[in-house]
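What follows is a set of structures for review.
Next, two complexes with chain A in common: one pairs it with chain B, the other with chain C.
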Partner chain A sequence: MSGLGNNASGTPGEEKGASSMLGLGILKGLGVTLRNFLGSYRDPERLITVEYPEERLPLPEQSRAFPMLIYDGEDPIGGLRCVACKICEKECPSQCIYIVKDRDARGRPMKRPKIFDLDISTCMGCGICAEVCPFDSIKMDAAYERSAESRFERLLLRKEDLAKPNAYYHKIHPTEAAEADARLGIASPEPEAPPEGAPEKAA
Partner chain B sequence: MDQLFVNLKAWAVGLFPQPVQLWVSMAISAGAIVGVFSGMFAFATWMERKGLGRFQNRLGPNRVGPWGLFQPVADGLKMLIKEDIVPRAADRGAHFLAPLLVVTPTVLAYAVLPMGRGMSAVDMEAGLLFFLAVGGLKEFGFLLAGWSSRNKYALLGALRALAQMISYEAPLVLAVVPVVMVAGTLSLAQIVELQGFGESGALAHWMAFTPWGAVGFVLFMIAATAESNRSPFDMPEGESEIIAGPMVEYSGFKYALFYLGEYMGLFAVSGLGATLFLGGWQAPVRFLAWFPSWGWFFLKLLFCLGLFIWLRATLPRLRVDQLMGLAWKFLLPMTLINLVGAGLWRWTEGAPAWYWEAARWAIGLGLPILGWRALSAAVFRPRRRRRVYRFAE
Partner chain C sequence: MSRQTEGQQFASALGMGNASPEGPRGDSPVLPPPAGPLYEAKPKPGSARAAEGETLEVAVGPHHPSTHGVFRMDVVLDGERIISLKPRFGYLHRNHEKLCEGGTYLMAIPYTDRLDYFCSLTNNWAYVLAVEKLAGVEAPERAEYLRVITAELTRLLNHSCLVGFLLQDMGAMGTPLMYAFREREKLVDLFEELTGARMMCNYMRFGGCRTDASAGWLERTRRVVDDFPRFLDEFEDLLTSNEILLARTQGVGKLSAELAINAGVTGPMLRASGVAYDIRKAAPYGIYERFAFRVPVGEHGDVYDRYMIRMLEMRESVRILKQALKEIPEGPVLNPKARRRNFRPPVGEAYGRLEAPKGELGFYLISDGSPRPYRFRIRAPSFINLTILEDMCLGHTLQDAVIILGSVDIVMGEVDR
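Moving on, here comes the complex of A and B:
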C-alpha cells in the first residue's frame, strides 16, 4: 500500500488523502490471502496444481515431441511408407537421422530403408523432417515421456521403435492424418475414439 | 490431566537419591524443552509449507506420508547427508561456533516460559528480563556467522541482521513494558497468574482484552516478526539481494541449525507474546477452563505461529530504509504512546460509575488510534517531490 512505499521513492500514491492509515492496506492484503486459504479448502477448483504423474493435462492436437515413421497395413517394417530418399536426413538441422538404403540381392537400391536411426538425444523436435517428407512417412509423435536413465540407452531409436501405425497417427493428430490420407489416396482407418488427454506411452 | 507432566516429573525425580535430585530435575526440564520444541520445529516447517501452499491456492507438500506429514523427516535426512563445506578462508572455529550461538540462546529462553500451571523450568523472579537478555545473545551468532565466513555477502547480511535486530529490540522491549507496569512484576509465572479469572467473572483478565493490551500485542507481534527475522522483515536472508546473508557459506546440518534457531526463536517469542498478552496458560472463558493449561499454552503458541505464517504469505520483503524507518519513526513512538495509555488505564482503575468506565475505554482506545493515525500521516505521508534529473540532460 501507499504507506511504506511512498516513504522514500516519492511516487504519487495510488491512495490519495490522509485517510490512508498505515496498516489498512496490510489488512486488505491479509484479507485476500485469507480468502485464498479458506477458499482452497471449500472449493477444490481453486487449486491449480496438476499432480503430474497421476494427472495429465490433455495435449493439444498440434503438440509434438519426436518424429515417428508411419506404416500402413499390419506389418510395421514391410508397411513403412518410407522410401529411404534421405531428404529428411539432409534437412535435419541437428543431424540426428541416419539412413541406409536397402539393396536387393543384385545390389540394386530398393525403396525401403535398411537402417533408419533417430538419435533423440540430439533431436530438438523442430519438425522439419515431417515438413519436407514428400511421402507423408515421417511425422511428429506426441509422446513426451522419453527420459532414460543413462546416456546410452533408449535414446537411439531404430526403425522398429519408430514405426507407428496410421491409426495411431489418426489418434494423435486427426486433422493432419486425414489430409495426409487424402493426398496419398488411401482409405483412412476406422475412426477411433477422439484422443483423450495423453497419448499412450510409447514403447 | 492438568498437572500430568508436573506429576510425571515429580515421580521421575523421586526415583533418584536426594543429592542428585536437583540435577535430575534440571536435566528432565531441559530434555523436555529441547525434545518438544525440536519436534515442534519439524511440525512447524510442515505446517508452514502446507499453509503457504493453501494461501497461494497450491497443495503444499503431499508426497511423503499422509498429507506430506513426513516431509520434515525427508528434509532432515537430506540436510544430514549433505556435505559440510567450510570455506578455505573462513575462520574455522568461529564458523563452527556461530550456528551453536544462534541456537543455544533461543533454547535458553524457554527456561522461564510458563508452559502450563507450574510448568516453567525455572521460576525466575526477573524472568522477563532474562528472556529479553538471552534473546539478544542471538545477534552474536549472526555476526559471527557473517564475519567468520569471509564472504562479502555474508558480512553484509550479518550487519543488516544486526542493525535490524538491535533496532527492533527497542520497540519489542517497550511494547512489553506496559505489561510489567500493570502487573508490577517481572516474573512470567506471576504475570500469567494475574491474567486469570479473579474471584468471579466469566471472562479471563487477559492483557489483550484491554485497549492498551490489544495495541501492545499488535506492536509486540510486529517487533517480534522483525526480531526473529521473519518475512516481511527477512532482510538478513534477502535471497534476491545477498543470497542468504550470514548463512551463505553454510551447508548441511549447520545450515539446518540456523533454521532450527530461527524457528525456536519464533516459538519462544510467540510463547512470550501468548504469556504476556494472551493470558499464558489461562483459558479465555470460565467454562473452557477444564482444558489442560499446557493445552491452552500450545494452542496460543500455534495461533501466534499461524499469524506469522499468514503474514509471510501476504507481504513482500521490505527495503532496508523502510525497515529502519518503521522501527524508529513509527513503532518506537507508538510504544511510547501505548505506555502512556497503559498508565492512564492503570491510574483510573476502579471507576465509580458506568460513564466513567465508558470514558476510560474511549480514552484507552482513542489514544492509540489517534496516535497511530497521526504517526502514519506524519511519517509515511506521500511526499510529492518533483524529480530533478541532474545529469540526464
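Moving on, here comes the complex of A and C:
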C-alpha cells in the first residue's frame, strides 16, 4: 500500500495513525453507514431521493430557466407587452436575442416586434433581460424540460413560442407578477384563470 | 558504453556522426552541438534509469476520471515512483477575460458564475467588490449581511463537496461523496430559493444584491446551519479516524510553508502548511471584522492536514453564519444610486479580492470611462495552487498523485478560464 511507500520515501507515515486497536476507525465508519442504511427505512430525513420523472419537487418562486414574453388579454401576439425597444437585446451577455421592430404601411416604426427570436441553445438563463426590461414584458419562465430531438429544432424560439399569458406568469411567480401589475396599473387576472400550460407541460 | 549527451545521441541517431565544431563541411558555419536535449522524450538526461529505458511516461488525462475535469498530467514514472510531473491545462479555455472586456460591467456577472461553478456566489462577490471599488459604490447593510451569509454557505458547499471528492479519489467509493452531496442538496436548494438558480446564481450586483431574502428563507437557512455540525460529526465519525485514510494521507504531498509562500499559494492549502493567512482577517472586506471566528492552521502541510483544515473551516463558517443570521438587519438590499444599465465607472483601476473557498480570488479591472472594462483580469486561486503540483508529487506513487491533486481543490473552469 502507499502508506508503506510513504515511509520508504522518508516521510513519517503511520505514527500518528496507529490507534490503540487497528481497524477500530474502520468499524466506527461502518457503524455510520449502517445507521444511515437502517435509518433510511424509517427516518424521512434520510430518504432524500426524489424519483425524478415520476415525482417532481415543487419549484421555488424565484426559479428561473429561460425567458418568456408576457401578453395581456386573449391575443398572444397582439397583446404582447413588448415594444421592441431592444434593451434586452443590447444587455444580453450571450447575445441570444434578435429583435426587428415592426413597421406600418407607411414605413414608420411601430411599438411592437416584427421578429423576436431567442436562441435557447445560447441562452444561459441569467435573467438580465428580465431585470433590465422597463415594460415588464420579458420575464423568466420556470419550465426546464427543453430538450429537443435535433439541434435546430425547438431551440430557436419565435415570439409565438415565447408568448405566455399574464395568468401563467401569476401562476409561477405570484409575488413578482403582482408587483409588475401594480407598476403597470392593470388588474391582476383571477387566481382561477385557466393556466394555459402548467410548468410541467409548457415545454 | 561511453557516456554521451543526449544531443550527441540524437546526432548519431541521425547519422551525423561526431560533429566537429567546424561542422561536417569545414566551410559552412555550423552551430556547436546543443548542450541540452533536443527533444524532451527523456526528461531526466542524467538519470541512469532513463538511459536504460526503465522509465514510463503516462499522460494522466485529459479524460481521466480522477483529474477533476479536462486536465492532463504528463507523468514520468520509475517503477511506481513519480520522477517528473508536468501539469498541462488549457483544455477548458473559454476566453473568459476577453469575453468580459467585450461586454458591459453588468454582463460579466453571469460569466463569473461559470469560473468556479461550485462557488458562484463568492465569484460574484469578488467581481462586484472590484467594481464597487472602481466606482465608489457602497452596498446597503442588509446586502452586506446577505453577502456574508451566501459566501459562507458557498464555503460549506465547496468544502463538503471537496472532501467527498477527495475521499472518492482515495477509493472510498460513493458513500462519503453521497453524504456530502446530501448536504450540498440542502444548500443548493437554499440558493435556488434565494437566487432562482442552484449553481449559476448570478445574485450580486454592484451596490447590493439582486433579490431580498424572505423571513422564511432566513429561517430555513438557520435550520440548515444548525443541522450542519451534525453532518460534520457524522462525517468525521465515518472517516477521520479510519486507518486506511490515515495511512494514505499522512505525510503524503507535503508542501513546505516556504515553498507555499514563494509560489503564491493561498487558501486552505497555504493554511495547511502552517501559514495563518486568511484575507477575511488579513484585509477584511465586507463586514467580516464584525464576526468572531478562528483561522485553522495545519502543521505538516500534507494531504491529511488539507483535509482537516477544510473540516475545521466548515465549523468556523457555521459560527460566522450563526452570528450573521442573528444580526441581519432589515432594510433595502440594493443601493438605488448604483446603475445597472449605462454604468460608467470613472477612469481608474481597482483590484477586488476575497477569500474564496479555494484561496484568494481577485478581479483586476481597468476602466477607461466607457461602459466596458478596458482590462479584466482574474487571479484564480485554483490555477495558482496547481502550479506546485510537481513539487508535492515527486517521489510519491501515481495513486498518491491523484489524491494530492484532489487535495489541491481545483475546478478547471477557473484554472483555464
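Points worth noting:
Simple rule for what comes next: the second predicted complex is superposed on the first by the 171 of 203 C-alpha atoms of A that agree within 3 Å, B and C clash if a C-alpha of one lies under 4 Å from a C-alpha of the other, contacts with A are read in each partner's own complex, and residues count from 1 in each chain.
The rule is short, and it goes like this: a residue touches a chain if its C-beta (ideal position, glycine included) is under 8 Å from a C-beta of that chain, and two chains touch if they have at least 3 such contacts.
No experiment lies behind these values; they were computed from the predicted model shown.
Within the superposed three-chain model, A:M140 lies in touch with chain C and out of touch with chain B [touch as defined at top].
Within the superposed three-chain arrangement, the count of touched residues of chain A is higher for C, of the candidates chain B and chain C. By the document's definition of touching, of the two partners only chain C reaches A:I87; chain B does not. In the superposition on chain A, contact of A:E179 is made with neither chain B nor chain C. In the superposed pair of complexes, A:L22 makes contact with chain B and with chain C alike.
Of the two partner chains placed by superposition, only chain B is touched by A:L47; chain C is not. Once chain A of one complex is fitted onto chain A of the other, the partner contacts of A:T33 extend to both chain B and chain C. In the overlay built on the shared chain, the residue A:R64 is in contact with chain C alone; chain B does not reach it.
With both structures placed on the common chain, the touch criterion links A:V132 to chain C but leaves chain B unconnected.
In the superposition on chain A, chain A positions 2-4, 6-7, 11-13, 22-23, 26, 29, 32-33, 36, 48 are in contact with chain B in one complex as well as with chain C in the other. Those residues of chain C that touch chain A in the complex are listed here as 80-81, 103-104, 106-111, 113-114, 175, 179, 182, 185, 189, 192-197, 200, 202, 210-211, 234, 237-248, 250-252, 254, 302, 340-341, 395-397, 399-400.
Partner chain B is touched in their complex by these residues of chain A: 2-4, 6-8, 10-13, 18, 20-23, 26, 29-30, 32-34, 36-37, 39-41, 46-49, 51. By the touch rule above, chain B contacts chain A in their complex via residues 51, 54-59, 62, 310-311, 313-315, 318-319, 321-322, 325-326, 330, 372-373, 375-377, 379-385, 387.
Contact residues on chain A toward chain C in their complex (touch as defined above): 1-7, 9, 11-14, 16-17, 19, 22-26, 28-29, 31-33, 36, 48, 60-64, 87, 91-93, 124-128, 131-132, 140.
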